[in-house]
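We call the chains A, B, C and D, going by the order they appear; numbering starts again at 1 in every chain.
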Amino acid sequence: MPELLIRNGYVFDPLNGIEGEGMDVAVKDGKIVERVGRKARVLDASGMTVMPGGVDIHSHIAGSKANCARMMRPEDHSRDPEVKTKYARSGVGHTIPSVFTTGYRYARMGYTTVFEPATPPLTTRHTHEELNDIPIIDKGCFPLFGNNWFVMEYVKQGRIEELAAYVAWMLEATKGYAIKIVNPGGIEAWRWGRNLRHLDDTVPNFDVTPREIVKALCQVNKLLDLPHAVHIHPNGLSEPGNYQTTLDTMECARDFRREGRPAMHVTHVQFTGRKGWSWADVRSGAPEIADYVNTHDHVTIDPGQLIFTNVTWMTADGPAMFALFKLAKTKWFNADVESETGAGIVSATYKKSNYVNAMQWGIALELALLVKDPWKIYLTTDHPNGGPFTSYPRVISWLVSNHARQKLIDKINKTAKRRLNLPGIDREYSLYEIATITRAATAKSLGLECKGHLGLGADADIAIYDIDPTKLDPAREYRIVRRAFAHAAYTLKEGRIVVKKGEVVRSVRGRTFWTKPKVSEDIKKTMMADLQSKFDDYYTVRMANYPIEERYLTASQAITTNAGV
Amino acid sequence: MPKATLQDVLCTFCASGCDNLEITYDGRIIDSARNGCAISVSRFTTSDKSRLLKPLVRKAGKLRPTTFARAVDRAARILNNAKYPLLYGWSQTSCEAISKGIELTELVGGLIDNTTTSCHGPTILGVQDAGEATSTLGEIRHSADLVIYWGCNPVHSHPRHTNRFTVFSKGRFRKTRKDRKLIVVDVRQTDTAKLADRFIQVQPNGDYELLTALRTAINGEQIEQETIAGVPVETVEEIADMMMECEFGALFFGLGLTMTAGKHRNTEAALALVKDLNFVTKFVIVPMRGWFNVAGANEVSTWQTGYPYAVDLSQGYPRFNPGDTSAIDAITRGEVDAALVVASDPVSHFPREAVKHLLKIPIIVLEPKRTPTSEAAEVVIPSAILGVEAAGTIYRIDGVALEAKKVIDPPIGVRPDVETLDTIIRRVKKLGARR
Amino acid sequence: MADLAITPVRQFKIPVTAECISPDFVAGKSLRETELTQVWEGNRKVKLGSLFKVAGEIGRTPNDCAIKIAGNVSAVRRIGYEMSGGSIQINGEAGMYLGERMKAGTITVTGNAGSWLGTQMRGGQIDVKGNAGDSIGGSVRGGTKGMRGGTITIHGDCGTEAGAWMQNGMIRVRGACDLYAGIHMKNGTIVVERGCQGRVGAQMTGGKVIVLGNAGGVLPSFQFEEIRERAKAGDEKIPGPFYVFSGDVNEGGKGQLFARVSDNPDLKLNERYLER
Amino acid sequence: MKELGALDGENVRLKTEFGEVILRASVSRQAPHKRVAFIPYGAWASMLFGTATHTSGMPTLKGVKATVERAGEAKIATLHEITRMKGE
C-alpha cells in the first residue's frame, strides 16, 4: 500500500487535544505515522477539515431483527434504491437499508466504525453473516443478556463469579463485544403477555428483580474488565414518567465504576426520559437526567435523536413495541427468542404536529445541549428508531446552530413548544465538540485504542470535510455544515481512499471486533457443568452447535481482557 | 480409513433443523445416520446411481461429458448473452452459495428467485401487509398450552416436529402431552389430526372464510351465518374461546393456506387472527417452511437486496413484485431467455404451461443428482451435497442460523456450489460484462 | 391535440419498461429526442426508436399530446406513468402498470390490459374495452394506499383484488371480478356488473362495492343491514333492490356491500333479520 | 372410490382445465374426504396445474377442480414421456 500524506488540513483530534490546527497527517500501511517518504502520494486538504473516521456506538444495521424489518417493509425500499456502479453493489435504502447500501452510506458521511447494539445470542450467527457483508466499515455487536435464563438463575443464586464465567463464555461463543441489557426481566414477562414497569418488580418464575440483574451484570462487566461499559435500555420504554426509572437504573451502576472508565452507558435516553402521568401530559425529564450525568462519572448516555420522517421502530423490547403498536396501528412484528430475549418491530411516522413526537424531538436535543461534557454524550438516532443514520448531518446542524433549531421549533406542536426547555437553550456545539461526540468519545467509550483519533499508531480511518473552520461560522452557515457532513470530500479506511466527493470509489472489507475475557479454569469448569446439564432443556439446538467459530468472521479482531475471576 | 463417527450433525431434509444426528462413515461411504427421522437416513445415502459425477454439455442434441472449465465457460456465455436470465432454486444450497448467486444475477442483469415462490411466498406477502407475531420454536416448547396445526401435516412433512417443539416435547412450563391441547384444521383427517384433541374439517378453499369467522368471534362480533366453510358456527365460537382462554397459543400453518385460492390473503388472515389474539392473550404463529434452507434463501436475498425472493436486478437495482418478477409468471409469459437452476427441479414441479416455455430456453443446472431438469439442460455441473459433502450456513423454520457440516469428501472433481458459482462469476467478468 | 403515433416494430417477448411513453415525458420534445430516449429491454438499455416507430407531431404541453399506439404492447410496462394530461390510445393488448400514479388525462385500450393498472392513480380516466389483470387501482407491495381519484372502467372481466387499498375514485367493471374485489378498501366506489367470485370487500374499512350478479357469498365479518331500492354510484343511481351489508367488522370497518337481491338467492336467509 | 366403482390399485384418468394424467388410484389411509383426491407432488401432478398466480407468484396447486374417471387399460406415462408431453 503506497504511503500517503494529507497535507495542510485543519485537524480536529479531540483525544490528542488538537483543535483545528493546520497540519499534515502521514499514513503508512494503514496506520498514522510520524512522517512518510518523498514519493508518498499527496492529498491536498488545504482549507478543509480533517477528522478521524466517524464511530457510531448504537445503530441497528444487522441481525435477525433488522432483516425481519427489511422483509416486512418493501414499500420502504422501493422509494430509495441504489443503482450498482463500477465500485458499488446495488441495494435499497431508507429506514432499513440493505447491507451494501448501509456500508456505502456510512462511508459517504465519513463514518468508518459502526456497532450493532442488540443481537440475540442464539441468532448471532445471522448477525455476523450480515456484518461480514457490510462493506468498508469496521463493526461489532452487543449480545443481549438482560432476560437470559442462565443469567437470571445465577443472579438469583448470587453466584456472581459463575455468572462472570458464563458471560465470558457467551461473548467468545457469539463473538460479541459488550454486555447489552434491554428491559431487564420485562421481556421474560412478555412470555405471558405482560411487562415489568419498575426496577423492583419481580420477574415471573425467576424471582429476581431488574435491579438485581442490572447490578450483577455491572459487577460482571467490572470483573471481566470489558472494554465497553454495560450498554442498557432501561425498563418502561415510552411510558410517561419513566425518567425516574432511568435515574434509578443509573444509580445501580454507582459502585462499579472503573478507573477513568464509566460502568454503564444508557442508550436512546429520549425514549426513557419522560416526566408526566399520561400521553397528553408528557414532559421533558432531560434537565434531571442531564444533571445526574453532569454530576456523576460512572454513566454516559446517547440521546437517540428523533427526526420528523417515516421510521421503523425496532428493539428487543417486545412488550413495549406491542404497546406502541396499539397506538400506531400500523404493521407489527414480534419474535421472542427461546430462553434469551425478544424482538419487536413497528412501522411509524413522526410528525411535527404530534404533541408526543414533538416532545420526544425536544427531549433528545435538550439532553445533548444540557450535558456539559461532550465525552459523556454520543450522537445517535438509535437508527432506525429515531430516524435513519443518514440524518446525522441534520442533527449536527441542529447542534451547531441555534437558528437552525429555532426555525424547526416554530413549526412543531404549539403545546410542546411551550412545555419544552429547548427554546430557552442557546448553547451551540463547536466542530471540536462535534468531533468528540461522533468519533473520539464513542471510540474511547468502546475501548477501541486505535479508533477515533489521529495519534501515532492509530488506524488511518480519516474523514475530510469541505469546511474551512477559519472562515465558516457553523451557527450561521449550518446548511454548509450539513451538506459537508453528508458528503465527505474524502473518506479513508486504513489508509485507502474509499469515498471521494461523497461517492464510493473503492470497496474494502471491514473487520469485526469481539472480546475474549480470560477466566480462571476452575470457575469455568463449574459453570460449564451447569451449562451442559441444562442446555438441552433450555434450547432446541445442541450446545456443540451454539458457538460461532472465529473462521466464520471474514476479518476477525479479538480483544482479550484479563478477568479478575 | 477406519470407521469414524460425527456427533451433532445437522439433517438436510426439512427446515426443522434437527442438529443432533450421529453419522458413522468410512472414507467416502456413509454407514448410518442415527437420531434423525426416517427421511433423514435417505438424505445421507450418497452413492445411488442417479448421482452426477462429471460436468455435461449438450452437443448435437445429446449431453456429453466435458471438463469443468469448458462447462463453466459455456454457462458464463449463456448467462452473459441473455437479455433476461432467470437464476432459480437456491433452497437446498448454502447461504454462501446464495450470496454468490445474487452477485452473479446482478452481474449478468437477471432475475433471482427461490422455491419460496411456489411454497411459502404468500406467507411473506401476508407478513408484508399484516406483520407477524412469532417466536423461535423453543419458546413454544417451553410455554405453549394450545397448539394448532392448520393446513399442514407434520407427522409426514416434519416428522420430529411434535416431539421436539410442540405437544410431545418437554418444556420448562409444559412438561407432558396433557399440559397441551392440540387442534388440527385440515380438509381431511390426516395422521396429524388423529393426535388432536379437536379436529376441524374445513371445505377445500374455505380457509379464508373460517379464519375470518374466528377473527369475528374473537372481536366479540355476531356471526350471522350458520356454517362457515362447512364448520358449524357453534364450533367456530368454541374454537375461538379455546384460543382466547389459553395462556400461550401457537398456530402452525402450511401449504393448505398458501396454495389454495386466496393464497397470500389466506396467510394474511391467519397472521391477522394471531395479531388480534395478542390483545387478549399471548399467541404466536410459525409457517411450516419446507426445504432445509428455503428460509436462508429469503434471509440472504433480503439482507443483500432488500427483498426476500422474486428480485429483478436487470436494471441495475433491486425490484420486487411477485406476479411480475416471480419465476413461474416470467417464464409462462415467455420473457425469460436463459435459466440457471441450482439444487431444484422446476421441470418436474412447475405447472405444465411454464415447463413448456422453460424447455425452449438454454438451462444451466447445478445439481448433485440427475433430474428431469438436468436431462433437459444445456450445461450440467455436479454439486457436492450440502451437509454431507460440503459445509455451509442454513436457516431453520424460525430463522435460527445453523451450520451444515461436511461429513465426507465429495466424489473427485465434484465441487460445492459456492466454488462453481464463484468460477462462473470470474469467467463472466473476464468475458466483459457489457453493462 | 397533436397526434403522436408510436408503433412497436415487433411483438416483444423480453419485458420492456417505457415510462417515457407518456404525454408528460414527450411534451415539448422533438421526434428525434423522443426516439433517442433510453428504455430498458430486459437488461439492455436501448433507444426507444429501436423498438418503436415514432411519427406525427408532439404537443407543447401534456394536454396537447395524443399518443396512439397500435399493436400488442403487453410486454411493455409503465405506459402513461404519472401522466398529468393528454391522452393515450392503445389499439391492441396493453401491459402492466398502465397509468400508474396518473394524475389526469385519459387512457383507452381496445384490447386487454395487464395487472396493477392505475396503481395509486390520483385522477384521470382509464377505459379498457377488453379484460384487465389483478390489483387494478391498487397499492404498491406492502403499501397501504391505493388509487386516490379518477375512474377506471373495464368493459370485460378483471382479476383479483380490484381496488385493493382504494382511497377514493371509481372503478366500474362491466364484466365479472375474481376474488377480493375492494380488499382493504378505505373509500371510493366499485361497481361490478356481472358478479364476483367471492370475498368482496375483505378487510375493507370504508367505501362501497355494488355487485350486480352473484357476489359469491358474503364474508362472516359482514353484517346484514337492510334491503335498499337503489344504490348510488357517484352521481348515478343503480336500480336494485339490493341486500346491504356493512363491514369488515374485523377491521372496525364502515364499508358497504350492495348485492342485488335477484342475483343473490343464497343471501335470502338474511331476510330473517328484517324487522317485520 | 365407491362412487367411481374403481378398485384399489386401478389406473384412473384425472382431468383439469389445464391438462390430464393417468395415475394409479389407492384408497386413502387418511379418509374420509368425500370428493377430494390427493396426489404427491412431482412431474405427474404438475400436468394438472394452471400458471395463474394472481399477483402472488404462486400457482394454485391445491383445491383444484378436477374430474376423475376409470382409465381402463391406459398406461401410466414414464417420467421421460411426461417431460416430453410438457414440451409439446
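The criterion applied here is as follows: a residue touches a chain if its C-beta (ideal position, glycine included) is under 8 Å from a C-beta of that chain, and two chains touch if they have at least 3 such contacts.
None of these values were measured; they are calculated from a predicted model.
*Asks:* If you tally contacting C-beta pairs, which pair wins, B-D or A-C?
*Replies:* Most C-beta pairs in contact, of the two: B-D.
*Asks:* Among all chains, whose Cα centre is located farthest from the one for subunit D?
*Replies:* Of all chains, A has its centre farthest from that of subunit D.
*Asks:* What chain is most central when centres are computed from CA atoms?
*Replies:* Per-chain C-alpha centroids ranked by distance to the global centroid put B first.
*Asks:* Using mean CA coordinates as chain centres, what's the gap between subunit B and subunit D in Å?
*Replies:* Roughly 23 Å separates the two chain centres.
*Asks:* Give, as an integer number of Å, the spacing between the C-alpha centres of subunit C and subunit A.
*Replies:* Subunit A and subunit C have C-alpha centres separated by 46 Å.
*Asks:* Rounded to the nearest whole Å, what is the centre-to-centre distance of subunit C and subunit D, using the mean of the C-alpha atoms as each centre?
*Replies:* Computed value for the inter-centroid distance: 36 Å.
*Asks:* Where the centres are mean C-alpha positions, what is the separation of subunit A from subunit D, in Å?
*Replies:* Result: the chain centres lie 57 Å from each other.
*Asks:* Please output the residue numbers of subunit B that touch at least 2 other chains, ranges allowed.
*Replies:* 125, 128-129, 261, 315, 320-323 - these are the residues of subunit B that touch more than one other chain.
*Asks:* Residue numbers in subunit D touching 2 or more other chains?
*Replies:* If we look for residues of subunit D contacting two or more partner chains, we find 54-55.
*Asks:* Where in subunit A do residues touch two or more of the other chains?
*Replies:* 72-74, 78 - these are the residues of subunit A that touch more than one other chain.
*Asks:* Report the residues of subunit B in contact with subunit A in the complex, numbered from low to high.
*Replies:* 7-8, 10, 17, 19-20, 95, 99, 103, 106, 124, 127-139, 141-143, 164-165, 170, 172-173, 247-248, 275, 278-279, 281-282, 284, 298-300, 302-308, 313, 315-320, 393, 395, 398-403
*Asks:* Okay, in this complex, where on subunit B does subunit D touch?
*Replies:* It is residues 113, 117-118, 121-122, 125, 187-191, 193, 201, 204-205, 255-256, 258-261, 263-264, 309-310, 321-323, 326-329, 332, 347-356, 359, 372, 375-376 of subunit B that touch subunit D.
*Asks:* Going by the contact rule at the top, pick out the subunit D residues touching subunit B in the complex.
*Replies:* Subunit D residues touching subunit B: 18-19, 28-33, 36, 38, 41-43, 46-51, 53-63, 79-80, 82-83, 85-88.
*Asks:* Can you tell me which positions in subunit B touch subunit C when the two form their complex?
*Replies:* Where subunit B meets subunit C, its residues are 82-84, 108-110, 125, 128-129, 208-209, 212-213, 215-216, 219, 221-225, 228, 261-262, 265, 268, 272, 276, 314-315, 320-324, 330, 333-335, 337, 435.
*Asks:* Show which residues of subunit C lie in contact with subunit A when the two form their complex.
*Replies:* It comes out as residues 140-144.
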